[in-house]
Structure formats: C-alpha cells, structure tokens
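Here it is, the structure in full.
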Amino acid sequence: MENFDITLLQNIAYIFAAILFITGIKMLGKEVTAQKGNVISAIGMFIAIIVTAINIVNPFVVLGGILLGAFIGSVIAVKVKMTSIPEMVALFNGFGGLATFFIAWSEMSNTNDNLFQYLLVILTIYIGGVTFSGSLIAFGKLSERLKIGKGHLLTNLFISIFYISLVSILVMLVLPMIGSLPLNFEIIFYVYLALVMLGGVGFVLPIGGGDMPVVISLLNSLSGIAAAFAGLILVNNVLIVAGSLVGASGLILTIIMAKAMNRTIGNILFVGYAASAASSSSEQGEVKPINAEDAFLILENASSVLIVPGYGMAVAQAQHVVRELGELLEENGTDVKYGIHPVAGRMPGHMNVLLAEANVSYDLLAEPDDVNPMMDTVDVAIVIGANDVVNPSATEEPGSPIYGMPILEVANARTVFVLKRSMSSGFAGVQNPLFFKENTRMLFGDAKESISGLVSEFKD
Amino acid sequence: MENFDITLLQNIAYIFAAILFITGIKMLGKEVTAQKGNVISAIGMFIAIIVTAINIVNPFVVLGGILLGAFIGSVIAVKVKMTSIPEMVALFNGFGGLATFFIAWSEMSNTNDNLFQYLLVILTIYIGGVTFSGSLIAFGKLSERLKIGKGHLLTNLFISIFYISLVSILVMLVLPMIGSLPLNFEIIFYVYLALVMLGGVGFVLPIGGGDMPVVISLLNSLSGIAAAFAGLILVNNVLIVAGSLVGASGLILTIIMAKAMNRTIGNILFVGYAASAASSSSEQGEVKPINAEDAFLILENASSVLIVPGYGMAVAQAQHVVRELGELLEENGTDVKYGIHPVAGRMPGHMNVLLAEANVSYDLLAEPDDVNPMMDTVDVAIVIGANDVVNPSATEEPGSPIYGMPILEVANARTVFVLKRSMSSGFAGVQNPLFFKENTRMLFGDAKESISGLVSEFKD
Amino acid sequence: MIISAIKSKDVSDKRSVLHPETIKNLISKGIEIIFESGIGDGIHVGDQTFIDLGAKSVSRESCFSNAEIILTPSPIDDHEVKLIGGGKTLMGMVSPFENQELLKNLCDSNINLVSMEFVPRITRAQKMDVLSSQANLAGYVAVIESSSLLSSAMPMMMTAAGTLKPARVFVIGVGVAGLQAIATAKRLGARVEAFDTRDVVEEQVQSLGAKFVKIDLGETGETSQGYAKELTDEQLAKQKELQSKVCERSDIVITTAQLFGRPAPRIIDNSTIKKMKRGSVVLDMAVESGGNVEGSKVDEIVEVDGVKIVGISNLASKVAGHASYALSNNFNNWLLEFYDEESKNIRFDFEDEIISSSVLVFDGEVKNERFK
Amino acid sequence: MIISAIKSKDVSDKRSVLHPETIKNLISKGIEIIFESGIGDGIHVGDQTFIDLGAKSVSRESCFSNAEIILTPSPIDDHEVKLIGGGKTLMGMVSPFENQELLKNLCDSNINLVSMEFVPRITRAQKMDVLSSQANLAGYVAVIESSSLLSSAMPMMMTAAGTLKPARVFVIGVGVAGLQAIATAKRLGARVEAFDTRDVVEEQVQSLGAKFVKIDLGETGETSQGYAKELTDEQLAKQKELQSKVCERSDIVITTAQLFGRPAPRIIDNSTIKKMKRGSVVLDMAVESGGNVEGSKVDEIVEVDGVKIVGISNLASKVAGHASYALSNNFNNWLLEFYDEESKNIRFDFEDEIISSSVLVFDGEVKNERFK
Amino acid sequence: MEIYILLGFVLILSIYLGLELISKVPSTLHTPLMSGANAISGIALVGALTLTQDTFLQTVIAFLAITFASINVFGGYLVTNRMLSMFKKK
Amino acid sequence: MEIYILLGFVLILSIYLGLELISKVPSTLHTPLMSGANAISGIALVGALTLTQDTFLQTVIAFLAITFASINVFGGYLVTNRMLSMFKKK
C-alpha cells in the first residue's frame, strides 16, 4: 500500500508536470510570455525529478550524477559568451540524447522475452546516439572548431557510415527473429553502438554552417522523440508526454525556421549550402533575403527609419501603403523620414506626385544632402523599388556609368531593406553592390505586396 | 488469446478513431475544410462503432437500438426545415446526454465497492441528465413551442429545483460514507434521477431565446464531458478522448459565440436578456452595436458591398483606408460600389476630391439613382460618417426638415453598417431612424480607426 | 404650360440656363419650351440641338411675351418687363439687392418673381441652390486662374535641377467657393492654409486635408441660414493684422469673404499687399460685391509692388459648360418640385420654406421681409 | 575667372540663367560674376539682389567682352559674337540645329560653345539637363493653360446640381513633358490616357496611375540616348487613325511628340480635329519645332470647328521663377563639374561623355559629328 | 488505480488538445461546428454498446442508451453535413 | 500489452498537442524556444533515475545517463533564461 501510494502520488505529479510542460512550451512561443514559460516548464521538470527521486536505487550514484551534471551545466550556461549560445544549445541537446542512449542501453538486459521492448530499445539507442554525435558535430561547426565541410574526403566517408548505420537498424531488428547467431550477439551490439555514434557524425557533417540552427532544431526534435521512446521502454508517462511534445513542437519549429530561411528541410539536409550559393551572383558575394515577418521584427525595434522610394514604388503604385507603413512606424514611436533623390522615378518630381497623392506631409521629405550626413543614426533604411539612386558605385567606382552622381548613401544606415522583385538592374543598367553588403537584406516581391505584408504584421 | 487480440485491435482502432476526431474538429473550424472535417469525424465514429460491435452482448437489443436510432435520427435530419436546424441540434444533443445518463445508471450496479466509480457515476448521471432536460427546454424555446420565460412563476419554481438538484449531488456523494441509511437507497437514487431531470429544466428555462445558441453550445460541451466521464467509468479510451475533445472545444466555442454576441457566459446564464434590453435607447428602439471582428465576418461572406461615404469620412481623413478596404473586398470576390450622394460632405464634390486622392476609380462611383433600385441585392451597405444623406426620414417623414430630399436608401440593403463616433446628428440636426432599424449595426468610433480595424481583420 | 429661357444681358456671360441634358425632363412632364436663339452658343451647343430635343427657337421678345415662366440668368430691362403679361412668372438670378427698381416694376405689372439666389440653404433645397453650384465652380476657376498667373508651379518637385518649393495658397473665407478652392489647390500640390470667421469651418478645412489658421476674434457667428455675421470694426482690424502675416508667406491669396446682401468686407489693405512677395497673386472673388482687397478691379489685373491683384467677374462662366449644366439643373429642380402636373401650373405654397424664401414677388406684392 | 550672364533676346522669355539661390555657389568657388542689368526682371528679382550676393551689374556688351564664360538662354547675334574674345566660351541654349550659322561664326572666332541642349541623357548628367528641367515645367504649364481654356472643370464632381463629368485628357508623346502633363492632369482629377511610340513608356504611364492607349505599330524604338526613332509613313498613318478615336472622346489633347534635331511629326490632322467635340482643347507642345497638330500656330489659339488649337511658345517661361531656378542650377552644375579650382579654368576633357556631347565647338573646331 | 492514472493522462491531454484546436471560427461556422462536435459526443454509443445486459432493467436501459445515442450520432452527422453543403456555392 | 495501448494513446495525443502548440513564432524566439524545448527533453533524467543498477556496468551507465541528462536540464534551462532576459528591455 505504501509503495502504491507513492506511485499514485508520482503519477499525479507527472500529470501536473506534463501540464506545466505544455503550458511552458506554448508560452515560449510568444515574446511577452516566453521567459515565464521557461520558468513554468522548469518547475514542471523540478516536480518530475523530485517525485521520481523519492524512491531511488542508489543515492550516491543518483545524487552524485545530478550534482555533477548540474554543476557542469550551470557553469557552462552562465559562463558562456552570448555569441556562442547556439553551439551550447547543441551541446546540451547532445548530452540529452546521450542520456537516452544510455537509458536504452541499460534496458537492453530487460528485453529478453519482449520483442516490442527490444524494438524500442534498438530504435531509442539509434535516435539517442545520432542526436549525441550529430549535436557534437553541430557544436564543432558552430564554434568553428570543425572546418570540414561538404565535399571533403572525410565527410564522404562518414556519409557512407551514416547510410550503413541506417541499414544496421534493420539488421538489428531482424536479428532476434533469425534464431541462432553466427557471432556473439554482444559483439554485434557493440558494433551497432559504434555505428550509431559514427552515423550521427555522417548525418551532420555535410551540412553547411549557415544551416546549423535548423539542424540543431531537428536534432532537438529527435532527442524529444528519443525521450518519448525511453518513456515507452520504462513505462513512464511523463517521459512520453514531455518527449513527444518536444519531438512534435520541435519538428514544427524546425519547419518554421527553415521557412524563415527560404529553405525546405529536405533541401538543407540533402542539398546543403550548394543551393544557396547558386542563387548568389558570381563575385559580388551573397545576397541575404528576408521575409516580411523578420523585417517587421527589426522595424518594430527601430527608433529611426528612412524610407527611400524609387521608380519601383511608382510601378507598384505602393504610395498609399507606404504612407500607411510610415504612419504605423510613427505611432510606434519611430522617427520616420522620406529620402527623396532628385532623379528617383522617371520624371522630375515623380516621387512628389505620388507621395502627395498619398498625403505624405511635405515636412517629412528630405533631400540627399539632408539625410546623408546623419545616415549612421538611421536604424533602418527601407529602399522601395529604388536602385540607381542608392547605388554606391556612383561614389565608389570611378568606372561606373553613374560615377559622380550624388546618391542616398543608405549603406551607412545600420540596416538596409531593399524591396524589389528580382536582382535585375535599374534604368542605368548597372549592378548594385548595395544588395550584397553585410547589412543589407533583400525583401523580394512586388513593392506593394511587400509593404502590405509589413503593414499587416504591424497590425497583428 | 482470441479475445485479447480483439481488444488490441479495438484499441488500435480507437486510437485511429481518436485521431480522426481531432482532425475532424480542427477542420470543422475553417470554412474550406469544414465539410470534409465532418466526414472525417464521421468515419472515425463509424470505425469506433464497428470495432466495438464485434463482441456485442445481445445482437437484438444492440442492432435494434442502432437501427431504430439511425432511422429516427436520419429522418429528422433530412426532413427538418433549414430554419429549424438549431433546435434539432439541441434535440440531438439532448439524446446524447440521455444516453450517457442511461450508461451511468446502468453502471450503478458495478460501483458497489469502488468509491471512485460511484463518484463518477453520480456525476455522469447529473451531467447527462441536465444535458438532456436542458436541451429539451432549449429545443422548446427555439421552436417557439415553449413560451415561458424569465419571471414566470413556473420558471422560478424550476430554478429552485435546479439549486436543490445541485445540493443533491453533494448529498449523493456523501451518502455512502455515512454508512447505515435511513431510507432505502434505491428510492433515494430514483429521487436523485428525478431531481436531475427537473434541475436541467430549471437551468435553461430562465434564459432568453436570443441566447439559446450559446446555451446549446454549452450543453453540447457538457454532453462531451458526460461522455468522457462515461469513458472513465467504462475504462474506454475513445470515449474519454472524444468526450473531452468535445467538452473542451465546445467550451471554447461557447466562449467565442458569447463574445460574438458581446456577452459573457456568466451574463447569459445568470443575468439573462435583462441586460441587453437596458442598453437600448428610449422610443426609437434598440441600437445594435457591432465590433470590427464580427463586422469582418459578415463582410467576408458578402458578395456585394456598397460603401457610402459622408462628411465623417472626410473629417476622419479615412479615404485611404476606405480604398484599401474596397480593394481587399474586391480581392475577396466581393462586388464593391461607392454610393455618392450629391450633398455628402460640406462642398459640392467633396467626396470626389477625397476618393480621387485615394485613387478610387471613377468607374466605381454611383449616384443614388443608380444604386437605389438595386439596393436589395446589396449584402452590406457600409455608411462611413454619413448621416443626413442616408436618413430615411427624408422619404418617410413628411414633417422632417429634410423631407423630400432623395437619399441613398441603404435601409433596403440586407445589412447596414453605420460607422460614426456617437449617436449625434448630422448637418441638418435631425435624428436618423436608420440607426434603429433591425438590419442596422453601429460600428462606433472614428471612421479611420474603425475601417483600419476591418482592414486588419482582413489581413489576418 | 410654356417655359421660355433667355440669354444673359451680359455678353461675357457664356452660361445658359438651358442644357441639353436637363431639357428632356421638363418636356417629358408636358411642358413646352421656347428659347432665345443662340442661347447655347457660349457652351458650344447650337439651336438645332435644343430643337432636336423638342424645344423651339424664338426671338428674345417672343420669350417674354409667349411664356408663363421666363427663365433668366441675369436681371432684365424695364422695357422687357413690359413685354411680360400680368400673372406670369420671371424666374432666375436678378441680383435683387442691386435691382430693387426691377422688383417694384414687377410688382406694378403683377409679375411674380422667383429669385434663385434666395433659395434657402437647407439640405433639402441644395439641388436648387444656384449660389452654391456656381460658387463651387468659381472656387475651382479661381485656383486655375491664379495658378496660371503665378510665375512658379504649384506642386513641390524634387528634381535633379533642384527642389522646386510648393506654392503656398491662403484662402480667406471658407464658404462653398473657398472649400472648392482649397480642394483644388491641394490637388495641385500646394500647401494650403485657410481662414474664416465662423468656427465650424475649422473642421471642414481639415476635412480637406488643409490647415486652418487660428485667429481668435472673440465672439463671431453665423445666421440660421449659414451665412456669416458681420464683424465689428475691432474684430476686422485684428483679423487684418494677423492675416497679413500669413499673406506675407503666401504665393497665392484667394479671398471669398462675402456677407449676404451687404457689401463684402475689406479684409486686405494695401499695407498687407506691400508686405507680400513680388510675383505673388491675390485673387479677389468678392470683387463684384465690393471687393475684399483694396485696389481690386472687376476684370482687371492690377499690379501693386509686383503683386498681381486679380478681379475676375463671373468666374463660373469660365467653365460655362459645367456651370450651365448645374444652373439648368437647379432651375429644373425648382420647377419640378413645385410643378403640378394636373393643374399644369406652379403651386405657390407659402407654407413651404423654399417658396416663401425664393418667391420675392407674388400677386403684385413683395413677399420677402428684406425688400418691403 | 569671370562669368557673365545675359538676358534672352526674346523679350517674352522671362527666364533668367542666374538665380539668387544658386549664385552663391559660384562665388564661393572664387568665380566672379557679372550680369546684364535687369536680368531678373522677369522673375521679380531686382539687380540689387544679385549685387548684394556679390555679382556685378553691367551692360550687355560688357558681358560679352569681359568674361571668360558667357551664359545665355538664347542664341546671340552675329555682331555679339564679335564682341567676345578668342578662346572664350559661350555656354547656353542656342538651338544649334536652327543656328548652324552661329556655329560657324564661333568656330571662326575661335570661341568655344557649350550647348546645354546637348548634355547627354544619362543618369549622371541629369542635373545639367536643361531640356528635362524645362520640359518638365512645360508639361505642367500645358495642363494648367489648357484647363483654363476648357469650358468645363477637370475633376468629377457629384453635386446636388448634377454630376459634373471629369474631363478626359489625352497626352500624346510621353517624354519628360508628357509625364508631367499626365501627372498634373491626374492631380486635377481628369481621366488621363496617354500614348507613345516607345514601348517602355507604358509602364511609366501606369506608374502615374494613368491609362496607356495600346496602338500596335509594329517595330518602333528608341535611340541609345532615349530619344524616339522616326516612324515610317505607314506607321504614322496607322497611329493617326487609331489615335483619332481617342481624340474624339477627349476634352483636352496635349501633344508632345518630338524628334531630336528633326521637325516634329505631324500626328493630328484636320480630319481628326473635325471629329472632336466642340469646345475641346488641343495643345501642341511641339509647335515651335514644326508642330504635331495641323494648323497650330505659335502663340495663337486657332479655333477650328469649335476646337481650340493652342500653340504656346516657351511654356516653361510661364513659370519663370521655377524655370530660372532649375536652369541656373543646370548651368551651375555643369560649371562646377568641370571647373578646376586650381587652374581657375574649365577642364575640357573630351574623354568625358558630358564634355564630348555638350561642347559643340572647341578650339575653332566643330566637335560634334552632327554638325560637321 | 494505475489504469485511472493513465486514463487521467489521456483525459487531461485531450482536454488540452480540445482547447487548442479551436481558436478563431467565423461566425457562419458556429452552428455547424457545434453540431459536428455534438455528433462526436454521440461516441457515448460505443459506451452503450458495452453495457452489461444481465437484468431486464439493464437490457432496457442499454436499449434506450443505444437508441438515443444512435439518434445523436446519425442525426448529428447528417444535419451537420446538410448545413455545410450550403456553404458550397463559393 | 494493454498498458502499451494506453501509452500509445498518450503518445499520440501528446504529439498532436505538440504540433498544435507552435504555430507562429517570431524569428527572434526561434533559438530560445528551441533551447527551452531542449531543456524539457532533459526529462530523460527522470528515466535515468529509475534505471536498475544491479551490475557495475549498469551502475556506470546509470551514472553517466544521470550526469548527462542533468547537464541537459540545468544547462538548458539556465541558458534559455539568459537568452530570454535579453528581451526584457522593452
């Protein structure tokens, strides 16, 4: 009865912990509640650990392990530089995977007569192991300790091992059904463990550094699934719930992250950065696209914005939405100015006609001479369908056909958004190095639609 | 082993059915997928029933019951007039509640030594019974067979019984713990059954007819909870899952519906329609305010919209957002026209200046003579800060100072939204009966803000 | 019933009280229409067009003698009054304040007079309100004319050859004409400011996206008809002083201040003009009723210290096409409102506010208080 | 270095190549400025203003004889060429195509000629492009003038006195002037349509919210400078035919079609005019270079069948204030681009596209292919 | 008891899921959604099918439970479908 | 086996819930959310705690599992919290 009650208590506590996890994850998805959500989920974890620790087997091992782990984890978490946080997340995640790997290994002995259990153990070992070694590689790549990439000989070797490891799962699953074994099963099992670990390396090694965050998120989802499987093995509800929550929401998050980078997961995993390199044009460097959602998040935090309209704004007839965006920014406390270049558009005063139509006050319009000197105080310059008039070649490249023309030097702003439909050039027909600058983000699409997108983000 | 396998099969089928229910409910919440969602959930139900019916106790009773129920249900569902569907939903819901009531009753005999079971049974009986009798009353009210309302003697009687029934749950729960009973338990139990049934009557009787849909939704949620409880009693997963899904989503739906009527659930249940009557103004009748969210839902489904701007649009300088709204409606497949009254505004052509500035095409502008004849084909007329020019007194009230002036007869449109800040009158200083018409909804606030609200709803 | 329509005595007035697009209405009610030959010349409509629509072209004299109702865009001569038979009705714009003699004559000859200027300013009567319909167009023309006289462009243009500053337009008096002037100047891209003594106007100015200049004059007001009350001398002095600041920075000043039935207030003095920029334009829309601007002359451009003071008579006639269309609609609307199809006659129902205001002479008697 | 500025020979041209707001620039570079007395009269700027800024008022003759560079808004007489010393530079708008004699004289006298009309149409040179800056204002003026001649208002007005229909404006030839005409007419509320033989223009028209009239003429094109190629006879015939339909429904037609260095194409015949509505206005912006419209005369309004055919010379001069500001900026920008502060002289670097295009005569030689 | 813990898990998770599933429903769908959910609550039929029918009373009760639950299920799905087919037009 | 059915129910429901919970996340929260979820997956610690420790190998394995899971849990929550406190400013 005594024991029974503890199990009951534990289970009720588990239900409660599960609710806290669910609530925590939900709250983590919204800016205002995120921190609270993390605390709530931590409380859930605390409860789950405490009630489990009530009837532990070996206090020394358990407490020793927890204390050691807590110490290492806390030190890393507190000491690590802000900039290296992503790789730390990868590392932690790897350790979680490793833990499930060990759990499954340990439970191997209990699977003797239960095929279902055996099956779960083999899978959990695989997922946990791959999560671990994959995360380690991700950590190495992010911290730039590991510089081996796609195409390297070693990479290709590990890729092969990864495929072999996949096959080995099948082998392991079929093995017990065959009956008499040619070799000692134990040896086979250890080979499997090794294959799993090396397979994880092969899984992550060929993926490009820029795609790492998405891969980490995927590995995170995997470690959740591993935990859920471990829960099935141990018949432990809270593991199942927490694990599958992380597995599922992690998957969604992975998809969201991939989308935000304009990639698909398949593309990241199997095509690597080759694809993104292809989209950038030759020598100029890489173009960094951005979507409306992220652009909004940057704009929302900007305290000064310069809008630079050009012919594209006229073609898109975007003047009305532009004015709306300007108003929304101003309501948000942002200082908004319009930088009008004298030759923007296709006729003298082209921008004036349109902006007056949209009721933009004359007082907000500024000429290049007014805005250039204070460009470095501008948080975001939004270039709307302008091209030649913001082309730094005019000041930097003596050979350029537009060399000598004064431009709006938006490149000096902290961030530059360029809204246009493609990478094609403007009236003067010259390529624009602005698009390839470090602080430039391209928001591709019809200007009116792009701006409308921003506006509706603001209204959400 | 034979039997075991069937249970396994059943349970796997139940999991599958549960997934179908979840998917079905989710799809029911979106216009495009709703019908498919219903079918999916029906398939889930079909599967659940079939696998359960594999090992039935008494084929005659079971098949007979199903066939009879299927016949009655189908006939009602197919024959009923479209207009009386809401009351049919109430009726069906009541029958569902009745079924759980019977289930719990039947399981009463199995509760002898299991306090938890007993507790569940008593609660399930209550919820199922109240759902049944409450739904019947709702059915009566909606079909206008039952005309007893708040304040009636009978109503007050039943309300008392409802409160007594609530107390009786407690009594029933405490009873077994007391030990020796003064009366035969069976009799007490039957009294309880009766109290439950009458209590449900008292629960719904005082609630106004207009609030019935919300109450039915609440009862629906209750019947879901009853089914979930029945699942706990019978240790049946699919009942638990399906029941609690309906219980929870039904509750959310109830809250949404109440919000759409600008009410809270508490207000509906305990204050009744008294409150809504108080908000109406003296002789002219009742003014019905609406919020942007609901206005949007109506607009979204409109196939033809007439926008009637007036001086208020000019004061609010709302012309740009108005044009945007018009464009969004058109994108949504709605036919949009602007009805321009010759004296709208404060100078001849006032509306033209503004709309031209906002780039509204001349082709969309129509005079009263063009739009009045086809006003009854207009789904929604949006009156934006206009007053005198849509005042029906001009055609209906010979004494009125504006009698004889042709107006835009928006009152003939299916629905009229009037956007203004208050109930104050226009230039001519006369009250406008339009605001009190049955099909008029007032969207109070500055016109620009109100329209912006609508626009952002559209963009969500 | 026969209705006739005559040309204006003023040859520079190109407007016609008949317009092809409205004539059909009257004829469909069984009314016969005769008109003075050449009535449509100013709006490029030949007699034949009217004839094709069912009207008859006759001499001016015949218009007077052969119709029950004579429509006129201007006052008529004494000898012409004689041609009209007793009991007939003269309807149109006869500037009664300036032609009180005409009223007496009409009384004597027992001819009724409907003065379209006296249609009351109520919502219901707006469709007959000739002052509104013509003032509206006049406001538009005032801006077009002054911008064509200005030696710079109205809108702002930021060009490779420098930024061209937008013109500043100041509209004084914001009635119907003033509002349309504001709207037109705004359309052209000017920076527009406006002032009026009536407070309600502030919101109306803003409703067109322009700026209202606040000048606190203390108690001002408007009549029940919506006309402005006359200012006291101190108020006017104060107004002039504060206005002159705005005038100084303006490229175009348009004055529309009028007081119904009284000479227009003088609101811009020479001292203000002298302070204004050379090359700027002052258009006095009240020039015909005495002028808001010192030195303004009808149909002349007076240049004072490089400032052009412009007086143009009958601005609406510059857009004669639209003006005639509006005018003839106003006349039509009055007629159709009170024409009784059975008796084939006008119902002179003095209970009706429109009749009691606009019918100045009836049955040989002056009906309006102001002319008794 | 001394730069002088003279008035236009054409007294109706009110523009000045000096403007107070730009003069400071030159003086700050150490350049001395002398100008023909009264140069600013047309823009209401007295000599004193310029003198206050550091320039000197002199006689016209002195302008020729005492400056290294002479700025002119118009061609100069032969005897005036004689006043200029060898090695000096004449800079301005001298209509070289019509004044080839002048070029010869300048060569003979070893006077350099900078023709501002020949500044190339490249992005970098737009700030010196006088044709653009003046055509732009001309486009604006064209609309203001034609709307003031139209007998109805431009915008739509739905009023109590009936709905006044918006004017329909048709702009033929959508270069700089055409675009500004479109923009201005749109601002005034007209329905605007436009046509050009160059395909790229369609998007530009739409970028102003107006409608492009599609007429398929087969292969047309533009030169590398952005000027239109001349049409074949069949193409022109086809264009005329299809255009005339649009003209018929238009109230205002503005033609701007020009071919650089050649007479303007005749695109509207009398037959089209005859089909147009009486009272409508045709403004021929190409009237000075031969005219797009049959019967158009410089500075005259010819009325054909009730249609006013308007030819106005030097439209930009109607807004002389802005036009002068733009012009003087253009001149300034050219000078500052090539003025060498050390040598205090102009760098005539014929590698530079702007120099090689705009300097027609240098060192007694004609430099431009077209005039050799 | 152990089984109730698991059932409790299932219950809680389902409720949470139910709360998450429905967020923003156009008002035109309020009634159909309610009706569709109501049909699902006819799952009580599955429970009714498993009732013991040892005594006569139990048999009667089971029969009634089955019948009413069936009405709920069949009527509910059909009427929901009828309502939803009206939206088809668009 | 019966127990696995129930666990299966719990698994499926949790997965469904996980899929529903996250819909629109601002990109600034991508990393914190990932990190927070990662900390939760440290729940493996609870599993590690219940491992049998009969043989030495088992004890070692359990110890390692506990240690690594603890790093995951503690490190994960703390680092998430650090990241999120950066958003505080507003």
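By written order: A, B, C, D, E and F. Residues from 1 in each chain.
Methods note: a contact is a pair of C-beta atoms (placed from the backbone, for glycine too) under 8 Å apart; a residue touches a chain by one contact, two chains touch by 3 or more.
Everything quoted here is computed from the prediction, not taken from an experiment.
Engineer: Shared touching chains for subunit C and subunit F?
Structural biologist: Correct list: A, B.
Engineer: Common contacts of subunit A and subunit D?
Structural biologist: Of all the chains present, those in contact with both subunit A and subunit D are B, C.
Engineer: Going by the average position of its CA atoms, which chain sits the greatest distance from subunit F?
Structural biologist: Centroid comparison gives C as the farthest chain from subunit F.
Engineer: Check the residue numbers that subunit C and subunit D use where they touch, and answer same if over half are used by both copies, otherwise different.
Structural biologist: same
Engineer: Compute the centre of every chain as the mean of its C-alpha atoms, then state which one is farthest from the centre of subunit A.
Structural biologist: Farthest by centroid: C.
Engineer: Sort out for me whether B-D or B-E is joined by the greater number of C-beta contact pairs.
Structural biologist: B-E
Engineer: Rounded to a whole Å, what is the gap between the Cα centroids of subunit A and subunit E?
Structural biologist: The answer is 40 Å.
Engineer: Could you put a whole-Å number on the gap between the CA centroids of subunit D and subunit F?
Structural biologist: Spacing between the chain centres: roughly 75 Å.
Engineer: Please report how many Å separate the Cα centroid of subunit D from that of subunit E, as a whole number.
Structural biologist: A distance of 81 Å separates the two centres.
Engineer: Which subunit B residues reach two or more other chains?
Structural biologist: Expected reply: 18, 22, 237, 241, 317, 342-343, 348-349, 353, 356-357, 359, 460.
Engineer: Where does subunit E touch two or more other chains at once, residue-wise?
Structural biologist: Answer for subunit E, listing residues that touch two or more other chains: 3, 6-7, 9-10, 13-14, 16-17, 21.
Engineer: Which residues belonging to subunit C are in contact with no fewer than two other chains?
Structural biologist: In subunit C, residues 126-127, 132-133, 136, 155, 157, 159-162, 164, 187, 189, 209 touch at least two other chains, as defined above.
Engineer: If we use the touch criterion from the header, which chain pairs count as touching?
Structural biologist: Chains touch in the following pairs: A-B, A-C, A-D, A-E, A-F, B-C, B-D, B-E, B-F, C-D, E-F.
Engineer: Of all residues in subunit B, which touch subunit D in the complex?
Structural biologist: 340-343, 348-349, 351-353, 356, 359, 362, 365, 367
Engineer: Please output the residues of subunit F touching subunit B within their complex, sorted ascending.
Structural biologist: Touch list, subunit F to subunit B: 1-2, 5-6, 8-9, 12-13, 16.
Engineer: For the complex, give me every residue of subunit F touching subunit A.
Structural biologist: 3-4, 7, 10-11, 14-19, 21-53, 58-59, 61-88, 90
Engineer: State the interface residues of subunit C toward subunit B in the complex, per the touch definition above.
Structural biologist: Residues in contact with subunit B: 122-124, 126-127, 132-133, 136, 139, 176, 179-180, 183, 186-187, 203-204, 206-209, 337.
Engineer: If you look only at subunit E, which of its residues touch subunit F in the complex?
Structural biologist: 3, 6-7, 9-10, 13-14, 16-17, 20-21
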